[in-house]
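I am attaching a structure below and will ask some questions about it afterwards.
In this document, chain identifiers A, B and C correspond to the written order of the chains, with residue numbering beginning at 1 in each.
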Amino acid sequence: MNGSDAGAKQVLEALLFAADEPLSARRLAALVEEITPGEVTDLVRELNADYLREGRAFHVQEIAGGYRLVTRSEFAGWIAGLRAAGGSPRLTQAALETLSIVAYKQPVTRTELESIRGVAVEGVLKTLVDRELVRIVGREEGMGRPLLYGTTDHFLEYFGLPSLDALPRPDELEILFADRERQVELALEEPRAVADPGDEE
Amino acid sequence: MADEAQPGHSVRIETLDFEGPLDLLVYLVQKNEVDIWDIPIALITEQFLAYLQNMSAERLEGAGEFLLMAATLLRIKSQMLLPRPQLDEDEELEDPRRELVLKILEYQQYREIAEQLRERESAGRLVFARGMPEWDDALIAEAGHAPPEPGERVSLGDLLRSFTRLMEEARRDRVHHLEPLGVTIEEKAEFVRERLRREGQTSFRDLFVPGEPRSHWIVTFVALLEMVREGEIRLRQGERFGEIHVYAAGSAA
Amino acid sequence: MNGSDAGAKQVLEALLFAADEPLSARRLAALVEEITPGEVTDLVRELNADYLREGRAFHVQEIAGGYRLVTRSEFAGWIAGLRAAGGSPRLTQAALETLSIVAYKQPVTRTELESIRGVAVEGVLKTLVDRELVRIVGREEGMGRPLLYGTTDHFLEYFGLPSLDALPRPDELEILFADRERQVELALEEPRAVADPGDEE
C-alpha cells in the first residue's frame, strides 16, 4: 500500500465515522474523489481487517445498500446502560406479520394484506408508516386506484439487511409448497402492474 | 353464553390471545397434530367455536373476523357431509377444504418470516451506530464551510401527519363551537330498539341519520356495539362489505 | 497491559463511540464498572496513543465535561462534503406544515396558507421556494391576482413519491393517521364484516 492509498482509507474512515446513515460505495467514491466504488469496497474490507487486528470495539457493517460503522454486539450491555431511555420499542407480532407480507409482495395494497392476514391492518399500517418501515410507493391501476405499499431503506437498516435479496426464506415451507401445491408459490410471485409515475404528470 | 369450556375434544385455549382467525387456526392445527392436507374439519370447527364463546368482551372489536371464519368453517363442514357426486374420469372433485388450507399455509409462511425478522430485530438491538456528531460543525466551520441548517429530519409520514393534524384542529374548532354532543348511548340504544319494534329489522346504514352531526353517529355506533355484546341484537351480512342488517336477538331472522 | 485492562479499554471505546454527548471520567468509570476515574483517564490516553500509531481518522478529545470521539480536523473538508451533497434533508416544523398545505391545497395563495396556519408564512414560503420544494404556478383570477403556489418535482423526489397522484387522498390519510376517535368514525363508513355463526348449525 502506498501513501495515497492510506490517505483514501483514512478519508473513508472519517466519512463513515461522521455519517448518520449508511453510505453506498458509489457515494463514498464520489466523496473521497479519485477512487472507484470497487476500490471503496476493497478499502472497507481492509478497514475491517485493521479493526479486527487492533481489537477495536466497532466495525463496518454492510447494510441497506451501504456501509456504516457500528459497535460489536458484545458491548451491547454496557451501551444499554449509557442509553437508558432505550431505543424504539420492539414491533408487535401483528406489525411483524404485516411487514413480512409487505416485504415479499411489494408493491401491495391494504386489501391484499388484510386478505392474507385475515384481519384489518389499518392500525398496524399506520405504525409501520410512522416508523418509516413502510412507505407509499404508488397506486394500483384500476378500480378505486388503491395505494400501494413497499418497504423503506430504514426497513433494511432496522433488520440489519444489506438488501431485499437478503430477506430470510422459510425453507421448510417452500419445500412443502414445491411438493404439494405449486400454485401457491406462483400466487406469491405474481407480478403486478404499477402505475408509471412518468405518465401522471 | 356459557362460561364453561366445551366438553369433549375441546382444547383449553381461552387464556391465549390470537392475532386473528388464521392465527387461531394455525394454533389448532398444530395443537391437534393433524395433517394440514387432511384437516378434520368437524373437530377444528368445534374447537374454533369454543374459543369464540370464551372470547372476552374487550376483544369484540376484532370478533367480526373470527365470526366470518366461523361461518366459513361451518360451510365447509356442511359441504363435507354432502354425498359425493358421480364424476367423469377426467373430472376432479375439488376438496371443499382446499381454499382454506392454501390460506392457512400462505399465512403460516409469512408468520415464519415474521419470526425470522423478530430474531434479526433482536440482533439489531445489540449494535449501535454513531449518533449525529454535532460537534463536527465547529470543525467544518473552521474549514470554511457553512454548518448545516438546524431543524427536524422529515419523512413523508411527517408531512402527512402534519397535514392531518392541521385539518383535525380546524375541524375540532368548528365542532366545539357549533355542536355540543347532546345525546347519550342509552338514548341511541332506545332509538335502535324503537326502530326494531316498528320494523322488525333494519339496515345498519339506515341507523345513521343523514345530516346528523358525526358525533351522534359515533354514539349510535358505540350503542350498537354495546347491544351486540349484550346479546340484544344480531348483525348479519350477505357478502363481505355488503349491506349489514340488524335484527332483534329474539326474532326469527 | 493485562487482558482485563484490554477489556476495559474496549468497553470504554464502545461507550465513547456510541455516546451522543461528552462523557466524564466519573460517568465512564461507573459505566465500565470496577475501574476508577483515574484509570479511565489512563485508558483514554492509551486509546489516543493507539489511534495515532494506527493512523485512525479520529481521536478522543477532552473538552469541558468529559471525553468524546471526534474526527481529526484535517478531514473536515470531506465531512462538509458529506453534509452538503445530499446529506440528510432537513426542514423546520413551520416549513413542514406549510409544505403539507401546499401539497394538498395546490394551487394555493399565500392568504389561504396563512388562514389555515394562523400565522404569517412569508419567510417560510421563501425558504420552500429557495429549496425548490415549492414554486409559483400562476396567478389567481380576480381581485389583486395573487400568486398561486404548488409543489415541484424536487418535492416528489424529497419525499420518495412516484407522482403527486400517489399522495394519499384525505380519506386515505384518515386511515393512516387519524387518532382513535376519528377511527371510530371511519368504522362507520366502512363497516367491518360481521357474520352470525349461530344460524348455520
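Assorted remarks:
Simple rule for what comes next: contacts are C-beta pairs under 8 Å (C-beta built on N, C-alpha and C of every residue); 3 or more make two chains touch, one makes a residue touch a chain.
This one's a predicted model, so the numbers in the text were calculated from it and none came from an experiment.
The greatest centre-to-centre gap from chain B, using C-alpha centroids, is found for C.
Distance from each chain's C-alpha mean to the overall C-alpha mean is smallest for A. Centroids built from CA atoms put chain C at 18 Å from chain A.
Separating the centre of chain B from that of chain C, both taken as means of CA atoms, is a distance of 33 Å. If each chain is reduced to the centroid of its CA atoms, chain A and chain B end up 29 Å from each other.
Contacts with at least two other chains are made by residues 65, 128, 130-133, 136, 155-156, 160-161 of chain B.
Multi-chain contact residues of chain C (touching two or more other chains) are listed as 14, 17-19, 71, 79, 88, 160-161, 168, 176-177, 192. For chain B in complex with chain C, the residues that touch the partner chain are 49, 52, 63-65, 67-68, 70-71, 74-75, 78, 128, 130-133, 135-136, 139-140, 142-143, 145, 148-156, 158-168, 170, 204, 208, 214, 217-218, 221-222, 228, 234-237, 240-241, 244, 253.
Every residue of chain B that touches chain A in the complex is listed here, in rising order: 19-23, 37, 62, 65, 69, 102-103, 105-118, 120-121, 123-133, 136, 155-157, 160-161. Those residues of chain A lying in contact with chain B across their complex are 17-18, 20, 61, 68-73, 76, 79, 83, 87, 90-91, 93-94, 96-97, 99-101, 103-104, 116-120, 129-130, 132, 135-136, 158-161, 167-170, 172-173, 176-177, 180-181, 183-184, 187-188. In the complex of the two chains, the chain A residues touching chain C come out as 6, 10-11, 13-15, 17-21, 23, 27, 30-32, 50, 54-58, 69, 71-72, 75, 78-79, 81-83, 110, 120, 122-123, 125-126, 129, 135-139, 147, 152, 195, 197, 200-201. Across the complex, chain A is touched by residues 6, 10-11, 13-15, 17-19, 23, 31-32, 50, 54-58, 69, 71-72, 75, 78-79, 81-82, 85-86, 88, 156, 160-166, 168, 172, 175-177, 183, 192 of chain C.
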